[in-house]
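Same chain, two partners: chain A is paired with chain B first, then with chain C.
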Partner chain A sequence: MTNELALRDNFFKKYHAEEIQNCIQCGTCSGSCPLAPYMDYGPRQLFALIREGDMTEALNANTMWFCVSCYNCVVKCPRGISITDHMYSLKKLAAEKGVKAPKMLHLYRSFNTPIEKHGRLTDVAVMAGYGLRHPGAAFGNIPLGMKLAAKKRMEFKARTVDNIAGFKKVMEKANELERLS
Partner chain B sequence: MRESKPKIGVYVCHCGTNISGKVDVEAVSSYASTLPHVEVARNFKFMCSNPGQQLVIDDIKEKGLNRVVVASCSPRMHEKTFRKACQTAGINPYYFQMACIREHVSWVTEDPEQATQKAKDLVRGAVARVAHHQQLASRVVDINPNVLVIGGGIAGMQAALDIADGGKKVFLVEKEPTIGGNMSKFDKTFPTLDCAACISTPKLVAVGQHENIELMTYSEVADVSGFVGNFKVKIRKKPRYVDADKCTGCGLCTEKCPSKVLSEFDHGLAYRKAIYSPFPQAVPNTRVIDAEHCIYFQKNRCRACEKFCEAEAIDFDQKEEIVEINVGSVIVATGFETFDPTPLTQYGFGRYPEVYTSIQFERINNATGPTSGEIVTKDGKKPEAVAIIHCVGSRDQNHQKYCSRVCCMYSMKFAHLVREKTGAEVYEFYIDIRSPGKGYEEFYNRLQEEGTHFIRGKVSQVTDIVDSPEDEGKLVVVAEDTLAHKVRRIPVDMVVLSVGLKPASGIEDIARMVGISVDSDGWINELHPKLGPLATPSDGIFVAGCCQGPKDIPDSVAQGQGAAGEALSLISRGKLEIEAAVSTIDPERCMGCRQCEEVCFYGAISYNPVLNVCEVNEAICKGCGNCAATCPNKAIELRHFNNDEILAEMEGLMFAPVDTERNFNEKAA
Partner chain C sequence: MKYGFFPGCSYKGAAGYKESTEAVCRVLGIELEEIQDWNCCGATSYWSTESLKAYVLPARIMALAEKQGFSEIVNVCNACYSTLRKAQEKLSGDETLKEKVNLALAEEGLEYTGNFKIRHLMEVIVNDIGTDKIKEHVKAGLSNLTIAPYYGCQLNRPWADIDDAHNPVLMDGLIRAVGAKPLENYSAKTECCGAAQMVAYKELCVPLNRRIVKDAVNKGANAICTVCPLCQLNVDSSQAGLGLPKIPVIFFTQLMGLAFGLTEEDLMLNKLLTPFKTAV
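Up next is the complex of A and B:
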């Protein structure tokens, strides 16, 4: 078995994604996806790639990073496939495999890091995190940030949740479960 | 009632090389001869052949055998053959037992030694069992030659006509005021495009006029009791409020009736009156009053129809009637209804006036329909573009998982009709085109040549949101063109939803009454998906047409004729032998707990409240043994499978020692 197929089988098993094989390629998902025009592959095509074992190609696609979890596709899918859930799994797998990381991955990381640290999101922390990774992109957003600040829609002070120790325990447990699965 | 000591003959079959290729048949037969009570043990090339059977017959006569064991194929295959041989030789056919050493041994066991051992074990079990067999006698009952057909669609009509032509009486029950079913709503039929009315109307008339058919329209089956050959059926005749003998069908009453109701026959696209006939060629042509919408029944005034009827046929005092009939067999042909697409909100059915279901579109195309056959929008304009969406409600886990089989073909028929009548562009949105039938694929090719747009993709939504100037005043159909990898937005004037088929409402009630089951989708379960497509597990009950699963007109007609053949074959036997291996209830032990009644799948057990016991109708009982296993008092005995027989067989199977001799003597004593 090639590495690609092994990776696919592992993906199916670990993330309970075998149901991707049930896809009848009807295109309901891509047709109902509000972000489909921005994706390299619609969910339908992505699934076609995955089940034939084109994992590298699938993991390098931007499809899952553009998924906004609106669940439009899941509601309509005639085979009852939890497409959105698989998009989450694919994001994890892509991050894990260190494939050519798109900007989106960095945005996701910029969200996650402050949460792990403070238990909640702070605007400035997200901006700073993303700014460090993509200074150019962040620079362009400065005018927007200023407007938000003027309207007091921006929080500068990083605040921590009350029971940060408890929160960290929760995260630890979650990470442990993740490792076990 | 055991007679003298058992004298058993054991016959091991080679079945060519089917058995002897794996099992050492010599060893099995010589082993069998050492078993208790075995008088003679032989092996033979083909036991089922005439010389093979003769071997059994001769031994019974010459050696005075009174029990026979044949180790060969499965009882389903040849139990009857050998029972008959026993009978010919003069012993009770139930003194025979079969050991299955082909399907259960030679075909499935790899190792020859193990196979031989297993064959020996099975023979030992059969020998131990047959010693305990009892004499049983089967009973014979008369078959009533009348047939009941439930449902007057094309399948039911065809079945009724074939049986009636064969000289037997048919009761045809239809719940609507007219026969004809769904087919009478269609305009053209695929793939030949012949007119549905032209081919179905002669059938309607033939059914209406046939001397052997008693037509009971606007009636429903209320109760079915009895068993194969002798069913008692109660039929509820709903009041028409019009005397069928007097009504001439002139239609003056309909003309004068002031009350307007949305027509069920036109699926809500047109109005009918409160006194009406669904369509001009209806059979019978007797009008019917819809009491729910009749001004007289609701507000106690009007009676316009009565005033104008020259034949004086209106009878507001008609009451519901229960008619009892006796029949020997029943054909269930209740048909289908179309899936209601309202829950699929993304298609906007009910929200946008220009979204139609396929059955509505059939009515639009039909000359007797709301637009007299012209394809126009509700504003009366000719459409420039029409979208046809396949698989609405079908092949969808959220609705119906199955493929409805006919939608691809009728959708293409629509495409052709739209092109022909309006010249509009037609977009077929499909997942897969399914055209397995004579001339069907050719029809698909013809449609391609006609310039129909086939877009492979399931439509994700129909919307009136305007994205570009050409969307103005149109419905926009959004779908991924999966072959071009592109999401397309196509503005159209009309949208047709090719809705799937589902079982007609009320099918569960009918299935329950006649003692048959429906599958998880609601279709009737046939006896065997390949070899018994028209029979059911209940003897004397047959199925035809769409109630068994979606199918097109040719298949429905074929099934109607097939079911008629099955019913005629049953009738022409005249008498029916009832299997002796049935349950019996000992009234002394029964405490009337009725648990057996609950587990009986065939409805063979009934409760007698006078004696507080349950009773078995032997003609219905199939000998499945559910009741015997359930009975807490051991009051039920399944003949031919009683405890002695089963325990003896199990002892024989599991314990090699020859204890059966002692057991038998002890029990006999």
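Up next is the complex of A and C:
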């Protein structure tokens, strides 16, 4: 068995993704996906690649990073496959394998960092983190930011949960359990 | 009626959502009691990056709610709503996962059991209060307004148990109950606004919003009505440069407030990017 096939089987097992094998390749998912026209492969083709064992191609595709989590494919899939969940799993696996660091992963990290620190989020905190890596996007959002600030809709101060010490202990324990698994 | 309330991170900064929700709930006698010490639900960002913490975040909110004596948690954001429901559904079918989540929560003396209902405020108003009761409070005539009911994606999907997944009608009925006309055959009512991808891939997501806006404008709507802060922000802010007539994007609570005779100031309509002048 090649490494790619082992990786695929491990993916099926670890992320409960064996149901991808049930896909009948009808293409309803790709047809109902709002961003499919911009994907390297629509979900249907991506699942075919995975079944064929081409994990390198699948994990390097932009498909999962363009998934907007609208679940339109999930409610339409005639085989009842949780397509959106498999997109989440593929993002985690791609990040784990370090195959690509697309813009969405930077955005997720900019989103998660203030949450780990304060428990709650502000738009400003996300954009500040993301802007460090993608100044163009941050710059492009300045006009909107100014409009929102003028309408007193921007929060510049971090928002923190009341029991921040307890919150951090819970998150640290979760990290520990995750490392063990 | 009293409910545990999970406002979520984007509620406070949303254009008048907080003010209009509080005002409308006062009129209807709905008590939304904020869950103390709530944290961010994690949303799609944690689903996309973390296997365990994606469950721990929503589970902590639900465990806090339970400890504080609530049996129902009301959300005002589609993403929060779907995140909490998804966590609840997955945890109910996976004892090992639930055990791990509870090991983490135990650090703070919390426990997740899963014995409560996750709701969205719009659905609470329609199903628990009911359209007859709503009609009793209508003071202003809104019959000259045609409103496009925009549900977004994560309210009815993937479960589709509070409404139809492809053609939801709950908000249509609410719009009718307050005396306005719901836009018929609004095909874009469940199209996605692009959500967080709007930040990283704006050039791909603006066209999604164009469909939502153009469908409403072409069919003669005076405003688009939303039930989610991110939908509101994306559909409202992406209109600059579309080359289409601008259409205001309001929250369902603002529309209800207008019908109940509340003022534009009460409902903070001035916080919208595209102004909404009712001229009723």
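A few points about this structure:
By definition in this document, the second predicted complex is superposed on the first by the 173 of 181 C-alpha atoms of A that agree within 3 Å, B and C clash if a C-alpha of one lies under 4 Å from a C-alpha of the other, contacts with A are read in each partner's own complex, and residues count from 1 in each chain.
Convention: a residue touches a chain if its C-beta (ideal position, glycine included) is under 8 Å from a C-beta of that chain, and two chains touch if they have at least 3 such contacts.
On a predicted model such as this, the values are computed, not experimentally measured, just so you know.
When both complexes are superposed on chain A, chain B and chain C end up sitting side by side without clashing.
Rounded to the nearest 10, the angle made at the CA centre of chain A by the CA centres of chain B and chain C in the overlaid structures is 80 degrees. In the superposition on chain A, contact of A:S30 is made with chain B only, not with chain C. Residue contacts after overlaying the shared chain place A:F66 against chain C, while chain B stays out of touching range. When the shared chain is aligned, chain B comes close enough to touch A:G80, but chain C does not. Within the superposed three-chain model, A:R44 lies in touch with chain B and out of touch with chain C [touch as defined at top]. Residue by residue along chain A, chain B and chain C are tallied for touches, and C comes out ahead. In the superposition on chain A, A:L132 makes contact with neither chain B nor chain C.
Legend: residue contacts after superposition of the two complexes on their common chain; A:A6 is shown touching neither chain B nor chain C. In the superposed model, A:I142 makes contact with neither chain B nor chain C. Annotation: superposed on chain A, chain B and chain C show a minimal Cα-Cα gap of 5 Å. Shared contact residues of chain A with chain B and chain C: 72.
Here chain A touches chain B in the complex through residues 24-32, 36-37, 42, 44-45, 72, 76-80, going by the rule given at the top. Chain C makes touch with chain A in their complex at residues 9-10, 12-15, 36-40, 42-53, 56-57, 60, 82, 100-101, 103-110, 153-154, 157-158, 160, 165-166, 190-192, 194-197, 199-202, 204-205, 208, 237, 270-271, 273.
Looking at the complex, you find that chain A touches chain C at residues 34-35, 38, 66, 68-72, 74-75, 82, 84, 88, 91-92, 95, 103-109, 111-112, 115, 119-123, 126-127, 130, 134, 137, 140-141, 144, 147-148, 151-155, 159, 161-163, 166-167, 169-175, 177-178, 181. Contact residues of chain B toward chain A in the complex are 346, 391, 395-398, 431-432, 456-461, 478-482, 485, 487.
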